[in-house]
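Pasting the structures in now, so scroll down.
Look for subunit A in each of the two complexes below; its partner is subunit B in the first and subunit C in the second.
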Partner chain A sequence: MKSLLAALAMTTALTLPGLAMARPVTLTTTLNSYGGDGAYLVLFVTDATGAYAGSLWMAGGKSKYYEHLTDWHRVTNGDTAQVDGITGASVGAGRTLEITLDLADALFDAGYTLHIDAAVEDMRDSPNEVAVPLTTEGAGVPVAGRRYIASFAYDM
Partner chain B sequence: MIRAIHRWPGLVALALITILALSGAALSVFPAAERIGAAQPETGLTVATLAARIKLAYPGVEQIRRQPSGRITAYWFDQGAPGAAVIDPATGQGVASADPNRIERWLTNLHRSLLLGDGGRIAMAAGAAAMLVLAFSGIALVMRRVGGWRHWFTPLRGPLAGRLHVEIARIAVIGLVLSAATALWMTASTFDLLPDGAAALAFPAEVTGDTGFAPDQMPILQQTPVAELRELSFPFSGDVTDAYTLKTDGGTGYIDQGNGALLAWADLTGWERVSETIYMLHTGQGAATLGLVLGLMALGVPAMGATGVLIWLAGRRGRLRIRGNQPAGRARTIVLVGSEGGTTWGFAATLHAALTKAGHSVHVGPMSGYAPRRHGSAERIIVLAATYGDGAAPASAKGFLDQLNAADRAPDAPIAVLGFGDRSFPAYCAFAEAVSEAARAKGWDAFMPPDTVDRQSPQDFARWGRALGQAMGTDLDLVHTPVSPATQTLTLMSRRDYGSEVQARAAILRFALPRATLWQRLTGAGFAQFTAGDLIGILPDGSAVPRLYSLASARRDGFIEIVVRKHPGGLVSTRLTALMPGDTVTAFLRRNPGFYPGRGRAPLILIGAGTGIGPLAGFVRGNARRRPIHLFFGMRHADSDFFYGQDMPGWQADGRLTGLVTAVSRGGGRPHYVQDALRGDGAQVAGLIRDGARVMVCGGRDMAAGVTEALAEILAPSGLSPAVLKAEGRYVEDVY
Partner chain C sequence: MKKTLTLLVASTALTAVIGTTGWSAMATAPNAIQRPLTTLYEDGAKSLPVILASDDDGDDDDENHGARRDHGDDDHDEDCEDDDDDDDCIGGAPDPATAGTAAPPQNGLFGNGAPPQAQVN
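Moving on to the complex of A and B:
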């Protein structure tokens, strides 16, 4: 269990008025067997207007490759401070990334969308792999990604 | 010191470096294969046209990439399913799978990280650093050995492992330095230790918000040739705020999808350019031929590793043989060893054993450990000194001369110096001479005159041992056998007699080839492979010290031939000259690669006297390629010493022998030696040498000295000298 409330509060725009109300959310991302090296994944949130709200997790340690996470790179301008303290290893083909975060209640049912960008060395960049609205009834409903992600779900 | 710097990284990192080299060599093939396989675009093809072609074939195209090899890949979505293919730029259609090659991926990960992630990357970077240390220390060692840059490719002599090691190294070192240095740069870049990241290019704040402008109408794409393309990303379908992203060899930019205008542009930074060049040099991506060359050079690494270990083991073996070594403070006799490769330690061990057996207390140590104060009981100090390169101190003698020169007075115990060297090098025993000279200058008493041992000759060593025994009042029999050779039985086929008229019986002896085992044939061991100029060793009964004779035939001649003269009291020569057809003798083969004529077409000047004609006649007989050979042959009596005299006219007639000059030293009139004959033809000889001829001398020591003197005179006007020729490997001697 990784409690990243403090980090999120410090580094991202997820510091919302209702922050006092937060709950643990488990994000489960399972990759398909695409036959390549480990994938870089970034999980980030945009608000109802489509503006960047903050990053939740970066799977992949070398910032020089972040430009291949093109949507994230575009909205953050490649700012690595956005993922300080919430960075882990890249995820191998067929493997599952499971992270649990304390997310503000105000993020749910308020038009926020969770995005995942993916990239693999010597294979295609896959921005917008997953884009799911954060809603209470959407919790636990798996969605498939476009290229590398077999299924993604968030559970509360 | 340099040797230790070379040895330890080599031994410690051997496995790592071998994996790096082999995987790197295997990887070098892929860029070349991709380059050959990539369909190249027609000249003048622009990104605009290419994008239009691909968009027509794959309307859901998201990204087009071009590899440095020219291979173009497109990625698209078709009704929600991702697709990718290698594209033929002429049609825009997919022609092959874009899936990464599994083997190449696996090799890449093995090569850069041992399949172990960041820890493995650091280990492999350490391997590359070790490779750099090995390369630079190796360069220093080769420079010291050959005597400077100008002699970098000078031919080498010595044991096979050592020669192979250096032969491979001096070609491969440039590639290995390049590969290792670029590897370190790339690792630093991967770990973000270099400021070579892409320039931050902010996504444009405003776009028109329109969509649907055709890529083939966009001015920037119309101006960009495909050869400069790296990547073109299409805007996300339905996202009006998105834009085209274009990456070229020059930089990165965004293009509006509504009107095709360039919204923002950033050039590559200088650091990026440097890093990309280094990436290209290391991987061969975009420089396939260079990659193949580097891969080939990397293949030398396992061979150098194996030979390096052999050299190290040989050096260790040489030192380990001294048993019952007395402490330095108590021994009456101190033996100081200056050895580079370890062979001199073998001689020291023999000396130690013989002196110990005769009841002396002996300490053997390296010359670098010379410390007169520690040798309190010493009655005599014996120095066995090899020479490294052009007269430099060998590894175990570093600092000896400085120590001696800095001392205020010489030790009381007198000294004897024995030098070990190779007469075919210009600086024969130069270090031993320097030691003698320094001792003399310090007023250090010598209890024996300085002496030398040529090419590890057991005879030289035994002779010096007898003199040492006399000086010490002991009977000393130094029997040194460097390696116990595997002998074979040879049967005499025929003999041709000479010299009976002059009471100096001599003969050309021809032995049958012994049957070679399959193993010998495979490995070229024993008499399974030999050539004229090699040596055969024959052990006299009851002695472990062999006599060596130069071979006058090669394996393909189908027989083993030597020329022998009977020496008064010579055990082996007496026995050999008494052999009758059918008699047998036990012998072994010793290679003598320092005395091969080589493969070139340059003329040969062969100079020999007496039985020294043997290998020279062998070269002439084997000269099937009709290389120009000029033979100068000195003999005592024309009617009794003219070895191969009957063969010479035939050899001259069929072009194997270009010129023959004989000199007869006895039998009426003024003595005429072979060096006189050389002087007589001085102009021709000088001309041949100026044109690149190679000189090979075989015979007695005095004759060789006379020849060197004569050549020095002949060559003086042209600014050449025998020493220069020796340094270039164009003047070799086989002297006894």
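Moving on to the complex of A and C:
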């Protein structure tokens, strides 16, 4: 009986952190009406030292245009495997992209920064269009972009 | 009488030679003994194959079975379908797998919960 209780306590202790290690996070990006074709956007994360940690989403499926997402392309060398399974369509001017991801808790309040690079055909590239620290306090607070992005916010 | 007998033997021999040669030519060579008699015909048949005016029919139609659809088709590579410079795709990085067709990368950022979802409003 005693060993059964010990086993139950052990499995509960191992299971609960696993359930709490990630949470659904909604990333909402609204574009300006800049009067051009659909924008390519990439959302990626750097750690506290500024090193590339990974990609969260790629809006735009043609890898030949990724070189225009200059910051992302520089840190990944254009490696499309970085965005396998997290790639969708480009986003039209004035539209809102809403992404829901199951993100690790460790990303928040740990010095990570979310970056967005943007590019539009025949228009200027816009690296680091948005750079926002990932904190629980910053959730739900809209941030304006530099050129193509009217606002960006993440909600938990 | 002797002369008649000689003529009969000669004609029989001649008939036998001609008949044997013709029969050998018609038949396949079952062994090496008859081979010299059939060589003339068989070698001729081997060295003169039937040549079609065009050999482009039939034998190469199934070369692409099991291969990618864009090999040999008139349409463009689907990975590079675009209305502008398709040749940019040649030798370039492959397009990434779209969401829902592959798991997110194992970069430590994603949990094991619901797969990524996106919508454009």
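Everything below uses one rule, namely that the second predicted complex is superposed on the first by the 136 of 156 C-alpha atoms of A that agree within 3 Å, B and C clash if a C-alpha of one lies under 4 Å from a C-alpha of the other, contacts with A are read in each partner's own complex, and residues count from 1 in each chain.
Definition applied: contacts are C-beta pairs under 8 Å (C-beta built on N, C-alpha and C of every residue); 3 or more make two chains touch, one makes a residue touch a chain.
These numbers come from a predicted model, not from an experiment.
Look at A:35: by the touch rule set out above, it reaches subunit B but stays clear of subunit C. Once the two complexes are laid over each other on the shared chain, residue contacts for A:111 go to neither subunit B nor subunit C.
Look at A:24: by the touch rule set out above, it reaches subunit C but stays clear of subunit B.
In the superposition on chain A, A:78 makes contact with both subunit B and subunit C. Between subunit B and subunit C, C touches the greater number of residues of subunit A. Of the two partner chains, subunit C is the only one touched by A:92; subunit B is not. In the superposed pair of complexes, A:56 makes contact with subunit C only, with no contact to subunit B.
In the overlay built on the shared chain, the residue A:64 is in contact with subunit B and with subunit C. In the superposition on chain A, A:138 makes contact with neither subunit B nor subunit C. Residues 61-64, 78, 89 of subunit A touch subunit B in one complex and subunit C in the other.
In the complex of the two chains, the subunit A residues touching subunit C come out as 21-24, 45, 53-59, 61-64, 66, 78-89, 91-92, 95-104, 106-107.
Subunit B contributes residues 62-63, 75, 77, 80, 82, 84, 99-100, 102, 105, 109, 117-118, 189-192, 197-198, 200, 202-203, 233, 236, 241, 245 to its touches with subunit A in the complex. Contacts from subunit A toward subunit B in the complex involve residues 35-37, 50, 61-64, 67, 70-71, 74-75, 77-78, 89, 122-128, 146-147. Put simply, subunit C touches subunit A in their complex at residues 82, 88-89, 92-105, 107-121.
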